[in-house]
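The structures considered in this document are given below.
In what comes next, subunit A is part of two complexes: it sits with subunit B in the first one and with subunit C in the second one.
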Partner chain A sequence: MPVLARVIEGLGIPTVTVTMMPDVAQKLRLSRVVGVEFPFGYSFGMPGDEAMQLTVARAAVQALAEAGAPGYRLDVALQWPVPTEVAYKEWQPTEPSPIVAMLLRARQPQPPPSS
Partner chain B sequence: MAVGLFPGARRGRLLAVERGKRVLSGVVEPIAYIQRLTRMYEHLGYPAYQWVRNDDRPPFVPLSKPLAECRLGLIASGGIYAAGQVAFHFKDDTSIRAIPREAPIASLRTAHFAYDQADARADPNCVFPLGTLRGLVAEGVLGELASHAYTFMGGIYSARRVQEEVAPALVQRLIDERVDIALLVPV
Partner chain C sequence: MTVDSWKFLPRMMRTTFESMPAIDEPPVWAPLSKPIHRCRIALMSSAGVFLKDSQEPFDLERERNEPTWGDPSFRVIPSDVRQEQVACAHLHLSNAGALEDVNVVFPVRAFRQLEAEGAIGSLAGEHYSFMGYQERSLNDWRTKQGPELAARLKEHAVDVLLLAPA
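This part shows the complex of A and B:
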């Protein structure tokens, strides 16, 4: 997304990126960043929480309107309503995709060639 | 509901957020995203991830007219597609989907290899705020949405492929749609 933001802005279209990783986004030097302290998979908030989603959307358009220089950052002061140790648990698919399974197999030590 | 926005907030600062009548407060702990992503890619069998580095000043274009007159293009990388469209594949899928701006939220689907989609499937606005943005248009905050929102499946390992394959396709759509502003939503 940072690559895209820079390409699109470079063509003359103002962009804003809403991100769970505002520190990283800032290091990648984007024009406008809206930071949210939400887990991956929830850029705009909790499912069914329209007020929360609307707050993030308002922050995004506010950033578009008020940023006066590149590197603008606006953090949304909403705390995730689930304890972080629960919300930020790591997630992996229970079954790897065929391509991933192939890559994982390729990383296994190969048996010595039989003579 | 009073919800504050403040520019430049830093991790570790005390947040107090009123949600309904319940006030939540506490110190926000930093999340080790870099380490998490590195572990995720390791788990998927990739070599160490190389982060993009940009040392130059970011491109910056100020808004040329009021938001209420702007046409917004929504771009989201959560693997969203509409019922009837081809789903995204497992990874490094650089194709894009065009979702009509009037698409019923219930017709949206997700396919993505790198995040738990259970909640995004229950309410796609979590990762693809189409309904939320329609609300801002109805309110008069935004002029209108582009005729389509554009989606792809993020987690594309190669920044070069994003630059050479995803970006040109998306940019062409945004130009064709004559969008004034773009909102980018990763997952």
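This part shows the complex of A and C:
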């Protein structure tokens, strides 16, 4: 998705990116970055938590208002209200994605050649 | 508070992202053409959301057969989307958040409030849903969907795009 931000901004439309990995967004030299320390799949916060979602949305608007040059970053000061180990497991799919499954298969020791 | 970018990242992927060098390209920058309280904003997410009664899901079958490929197309999500219309097609996330409350990835409720407060000019009538797992070169997004989307945003008089990688 960072590539879309760069293409669209390059075509003249300002962008702001709300991301769980602001360090990576900065390496990809995005224009305006808002960092959230949330699990993947929950960019604006907990389901049903309107106050949390509004806080993140306000941060995005603040970034748009304040940023005067590329490389701007604003981190949202909100902690995820679920223990980290639980949240770490919960956001992930129940089955490994096809690419992960392929990589795991490649790591398995191969049986010795039959003679 | 400084956000820990690696807190929820699968541990096997941390070294890859942490050691990734910054890209060797200049930053991109488009200034706002007007103050934010007069801007029209559209939203974009890569959580794989689609409307189950009227749109095709992202092509997960091809991804299962070709694990290095991801569907590059996008779906248009209206501002008045209802929760019961929402489905997700994304093999790299649990999808539980968006299926319970689409506002965790398309925060239309929060932006309507910001519009009512006058903090933004308006929320666009449509938003854009992608599935974030993509083939590594990202050529389709670079040369096809990115320019198509920029043209569509201009057609709808959108001043600013908010992206939320899932």
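By definition in this document, the second predicted complex is superposed on the first by the 89 of 115 C-alpha atoms of A that agree within 3 Å, B and C clash if a C-alpha of one lies under 4 Å from a C-alpha of the other, contacts with A are read in each partner's own complex, and residues count from 1 in each chain.
FYI, contacts are C-beta pairs under 8 Å (C-beta built on N, C-alpha and C of every residue); 3 or more make two chains touch, one makes a residue touch a chain.
For clarity, every value in this text was computed on a predicted model and none was experimentally measured.
Colleague: Kindly say whether there is room for both subunit B and subunit C on subunit A in the superposition, answering fit or clash.
Modeller: With subunit A as the common anchor, subunit B and subunit C collide in the superposed model.
Colleague: Have a look at where A:9 lands relative to subunit B and subunit C in the superposition and call it first, second, both or neither.
Modeller: In the superposed model, A:9 contacts both subunit B and subunit C.
Colleague: Once the shared chain is lined up, is A:106 touching subunit B (first), subunit C (second), both, or neither of them?
Modeller: Only subunit B; A:106 stays clear of subunit C.
Colleague: Looking at A:36 after the superposition, I want to know if it touches subunit B, subunit C, both of them or none. Which is it: first, second, both, neither?
Modeller: second
Colleague: A:71 in the overlay: touching subunit B, subunit C, both, or neither? Say first, second, both or neither.
Modeller: In the superposed model, A:71 contacts both subunit B and subunit C.
Colleague: Considering only the touch criterion stated at the top, classify A:46 as touching first (subunit B), second (subunit C), both, or neither.
Modeller: both
Colleague: So, A:59: does it touch subunit B (first), subunit C (second), both, or neither?
Modeller: Only subunit B; A:59 stays clear of subunit C.
Colleague: Classify the contacts of A:81 with the two partner chains as first (subunit B alone), second (subunit C alone), both, or neither.
Modeller: Touch status of A:81: first partner only.
Colleague: Intersection of subunit A residues contacting subunit B with those contacting subunit C?
Modeller: In subunit A, positions 1-21, 23-24, 28-31, 35, 37, 40-48, 50, 53-54, 56-58, 60-61, 64-65, 69-71, 75-77, 84, 88, 90-93, 97-99 sit in both the subunit B and subunit C interfaces.
Colleague: Which of the residues in subunit C come into contact with subunit A in the complex?
Modeller: By the definition above, subunit C touches subunit A via 1-10, 17-18, 20-23, 25-33, 35-36, 39, 44-47, 63-64, 67-68, 91-98, 100-101, 103-105, 107, 109-111, 113-114, 119-120, 130, 132-133, 138, 141-142, 145-147, 149-150, 153-154, 158-166.
Colleague: Across the complex, what residues on subunit B touch subunit A?
Modeller: Residues of subunit B touching subunit A: 1, 3-11, 15, 17, 19, 24-26, 28-29, 31, 33-34, 36, 39-40, 43-46, 51-63, 66-67, 70, 72-73, 75, 77-78, 90-91, 113-117, 119-120, 122-123, 125-129, 132-133, 135-136, 141-142, 154, 159, 162-163, 166-167, 170-171, 174-175, 179-187.
Colleague: Please output the residues of subunit A touching subunit C within their complex, sorted ascending.
Modeller: Its residues touching subunit C are 1-24, 26-31, 35-48, 50, 53-54, 56-58, 60-61, 64-65, 69-71, 75-77, 84, 87-88, 90-95, 97-99, 101-102.
Colleague: Which subunit A residues qualify as touching subunit B in the complex?
Modeller: Residues in contact with subunit B: 1-21, 23-24, 28-31, 35, 37, 40-48, 50-62, 64-65, 67-79, 81, 84, 88, 90-93, 96-100, 103-104, 106-107.
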